[in-house]
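The same chain A turns up in both complexes below, where it pairs with chain B and then with chain C.
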Partner chain A sequence: MDFEPSSEQQMLIDMVRRFVRTEIIPLEAKLDPDASELAPEDYARLVQKTKAMGLYGIDIPVEFGGPDIDIVTRTLLAIEMSQHRAGLYVPCYGAFGGAGLAQIFEANDDQKERYLYPTLRGEKKPFFGLTEPSGGSDPARAIKTRAERKEQGWVLNGSKIFISGADRAQYGIVFARTDAAKGRGGITCFIVDSDTPGFHVRRVVHTLRSSSYATELEFKDCWVSDAQVLGTVNGGFAVANDRLTRQRIPYAAACIGVAIAAHEMAVEWSKLRETFGTRLSDRQAIQWMLVDNEIDIRTARYFTLEAAERARRGIPFRTEAALCKLIASESGGRVVDRSMQIHGGMGMTKDLPLERWYREMRIRRIGEGPSEVQRMLVAREILGASVR
Partner chain B sequence: MKVLVAVKRVIDYNVKIRVKADKTGVETANVKMSMNPFDEIAVEEAIRMKEKGKATEVIAFSAGPAQCQETIRTALAMGADRGVHVLSDAELQPLAVAKLMKAVVDKEQPGLVIVGKQAIDDDSNQTGQMLAALLGWSQGTFANKLEIGEGVAVKREVDGGLENVMLKLPAVITTDLRLNEPRYASLPNIMKAKKKPIEQLTSEALGVDVAPRLKTLKVEEPPTRKAGIKVKTVAELVEKLKNEAGVI
Partner chain C sequence: MELRPSKPFTDMTEAAIKKLPGQLGVYQIADAQGTIVKIGFAGGRAPFGLRSELLKELEALGAGHRFRVEVNMQYTTRYQELLMLHQADFGALPRENAKDPPPRLGHLSPR
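Take a look at the complex of A and B:
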């Protein structure tokens, strides 16, 4: 297998790297350390540039007008795009465009007109409503929110928790139980407008991602019409399975980008800082930390590119996607931690991006399927379907 | 009118340069290389001329090892039409490059040549001037603004400010930093660049003697700057400038 980028890929990498260094990082220096947005005029100016690059809407499939790049190239660019303070969750502050939720691409034509295209045009923002207080790792069993048949539609009752950005969204995707007897095959996916009577954002849930909070939702006799059913009734988990698995790859790549940035800072710092009469970089204790960073980064990169390459070739990649998500998020945490340690007290400050990466990287072991669930997936693959 | 631009492959401006242990030069192994920033400005200017209908074709020229093709590809991805690469593994000094470029100019007959005022590796600031002399063409160095008409109007960055000169065509231009802001390449152009031709030549085939005329004796790191001091008052500053530094 050849992991050397082609000359076209290298040019795209160089272009995005330069964009991050010359456009994003100088602007970021003037923002609050927890900012997740640029000033509107800066954002508009940068979007013009990414459009001229032909890379705007980077996560939009080519058939919906996104750029024609394969998932390996996308992964290489994701590694570049996250190399700044806000980069883990908002690479380049969204200058390469939003994507729309995976499921909405599978919507019917009417729903695409009402939700997908406005989202791709940046006019509407969605939320993703899966997790409930009863648990997010195993939603098929945990989901308690019910949807009952009424007047050519459905009445939703229940609650959701940890839903990012629902207070700022115009609509969302909500998973609810439509057949209590059927377990996994009894969940339906609904599109719910934020102004639907009976839908409430009950409270904001503060997490260690203080730059952008999650919310708790409540559904009280919230009626939606049949036109809001996404996919088929009782087929909620079948919608966009492939796209969801794919998403784990750029998700892993963003962790790698941040790890690379933290590691580079640690390397530079170790060569400048002197203690006990010599540079930190002269100490084997520090050198080995840097070597461990290098090992973690390279391992995550190989695993992630392997998953991407399999996805590109159209061969099964579920296990590889689980592995790369797991490895990149866990090793990313270790790399940021070591890099902070090498920076001493400076590493703890908000003058440097390390503390934000440290907090946000911690969430990556929980979001998009926690590490344990990824390990379960791999165990099933190794041991066969008998492992539940 | 054809426009020929020079694109030199140099150590990327973000790389922290290290002097080789034996002091014969700087470390280039495993170091990221990219296009000389002044040459990016040259490419941008030529592409803008083409977009405005003032140029018919933009040709990117580079001399050096095989990897120079990557630098030419970058120019093609920005929008240049085709490339000319003079393959050489020898050390190429400004005079050699100027002679190679002259040979290509004789072949291609461009109406204008645009090169960077200097390259960020050797900072020679000679190639454009030498080329103009070899060709017997007019030259507009340190260009801050260009206007193509009958000839070419050049606003030049000189010590005292800006100087306006009017050149007859054909001419050689060297770019200064403020001439334009080079664009990013674009995905469609990167894909198109794959199919654009790059002609490969050699110094032997062009009949140019590229042997170095200068010999580098030793390369050293610049001395580290001594820490400064802070003064408390303006009066103290004036006093120190007068009595210690002796500058006022």
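Take a look at the complex of A and C:
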């Protein structure tokens, strides 16, 4: 596979790179180092710019009004969008739009009118409610939230944890067990409005990612009508699996972008900084660290673009998505760590973005499927599906 | 960490503030009646952390207030949590925060 960007791709890459460097980084210099949002007027101005660039809602399929950019190109652009302080989790502070994990493209016409289109227009924000206190890596078994049939609808009882944005969302997609005997075939996906009686955002969950919090949710006799079922009853596991698999590619791309930004800082610093009468870049210990960074970045980029290319061609990419998420998150952590080492004391300070990337990159080895689960998925492919 | 701070308030004087650490964290300011009038944080760009932020608050709000602080590296999320808790407990943001509310503050329904 040839991953050299075409001239059209390169033009888009240059456009996004310029946007990050001229619009995002100067604004970011005035924000708190842990900021995850722009002032509303800045955000609105930047959204207008991305719309004018034809890149707003970049991950939205063309049939829903997206800009019709293939997934390989989107991956190349996602690598660019994340190359700033907040870029790992909030690339360009959301100025390019998109719904992330909570996309509901399989919604019926009524649900599309009520939820999907307002979301794509930026009028509604969703959350993705999968993980529970009993676990997140094995949703087929860990989901304990129950949904029981009642009065042409369902009553939800249970809790969710590590849910981003639920306190600000207008609705969420929530996975609950509708048949206790069926394992992964007994999970249903519901669309739950945030003002539904019985839906509660109970607390903030603070993590290493101190720029933004997760929340814990409780569903207490929370009744939703049949019209809120997304897809089919007992068909929710496939919805979750589809989201998680697809999301691994942009997830990996953001890790690569941050790794590139950290590496570029380390290269520049090594050429400037002198110790014991010579520049850091003249020292073999530093050169080898920089070479290891380069190896990690190129490897992660290759695997991620390979997964994207398979997805673009419409051929199975589950294994490749697991590999790219695994490699990019682990190598990204190593690159940021080495870059901090090269920067010495300054690398530990909030003056530079490295300390934020270091903390946030650690979460990437857990978030959206830990490294061990990715390895398990690849092992199943290698050894056969009978291996559990 | 307690969900709702329960440390006693201290009179907000220059001398008391100058004894504060230069660390990052959150703070609450109350009026003489004990009503919380402002929740704030000392972030990564505050030159002397809580100390310099509260000196600025003293200058802006004047004498007659009290304060308490919580040293916390997760000042951004803790700040938002305290605002949401206050909103849930009292139905509104503290007086000074309400003048310039943070964009897109969420809603909690704590137990």
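Following the convention adopted for this analysis, the second predicted complex is superposed on the first by the 379 of 388 C-alpha atoms of A that agree within 3 Å, B and C clash if a C-alpha of one lies under 4 Å from a C-alpha of the other, contacts with A are read in each partner's own complex, and residues count from 1 in each chain.
Convention: a contact is a pair of C-beta atoms (placed from the backbone, for glycine too) under 8 Å apart; a residue touches a chain by one contact, two chains touch by 3 or more.
The shown structure was predicted, so the numbers you read here are calculated from the model rather than taken from an experiment.
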item: Partners on chain A (chain B, chain C) - clash or fit; value: fit
item: Touching partner for A:G54 - first (chain B), second (chain C), both, neither; value: first
item: Partner chain in contact with A:A35 - chain B first, chain C second, else both or neither; value: second
item: Superposed model, chain A: greater residue contact from chain B or chain C; value: C
item: First (chain B), second (chain C), both or neither touched by A:N241; value: neither
item: First, second, both or neither for A:R202, with chain B first and chain C second; value: second
item: First, second, both or neither for A:S210, with chain B first and chain C second; value: second
item: Contacts of A:N108 with chain B and chain C, given as first, second, both or neither; value: neither
item: Touched partner set for A:R168, first chain B, second chain C, both or neither; value: second
item: Partner chain in contact with A:K350 - chain B first, chain C second, else both or neither; value: second
item: Shortest CA-CA distance in Å separating chain B from chain C in the superposed model; value: 22
item: Where chain A meets both chain C and chain B, residue numbers; value: none
item: Interface residues, chain C side, partner chain A - complex; value: 3, 43-45, 73-78, 80-81, 84, 103-111
item: In the complex with chain A, residue positions of chain B that touch it; value: 14, 34, 70, 73-74, 77, 183-191, 193-194
item: Chain A to chain B touching residues, read off their complex; value: 7-8, 10-12, 14-15, 18-19, 21, 49, 52-55, 67-69
item: In the complex with chain C, residue positions of chain A that touch it; value: 32-37, 39-40, 165-168, 200-204, 206, 210-213, 215, 350
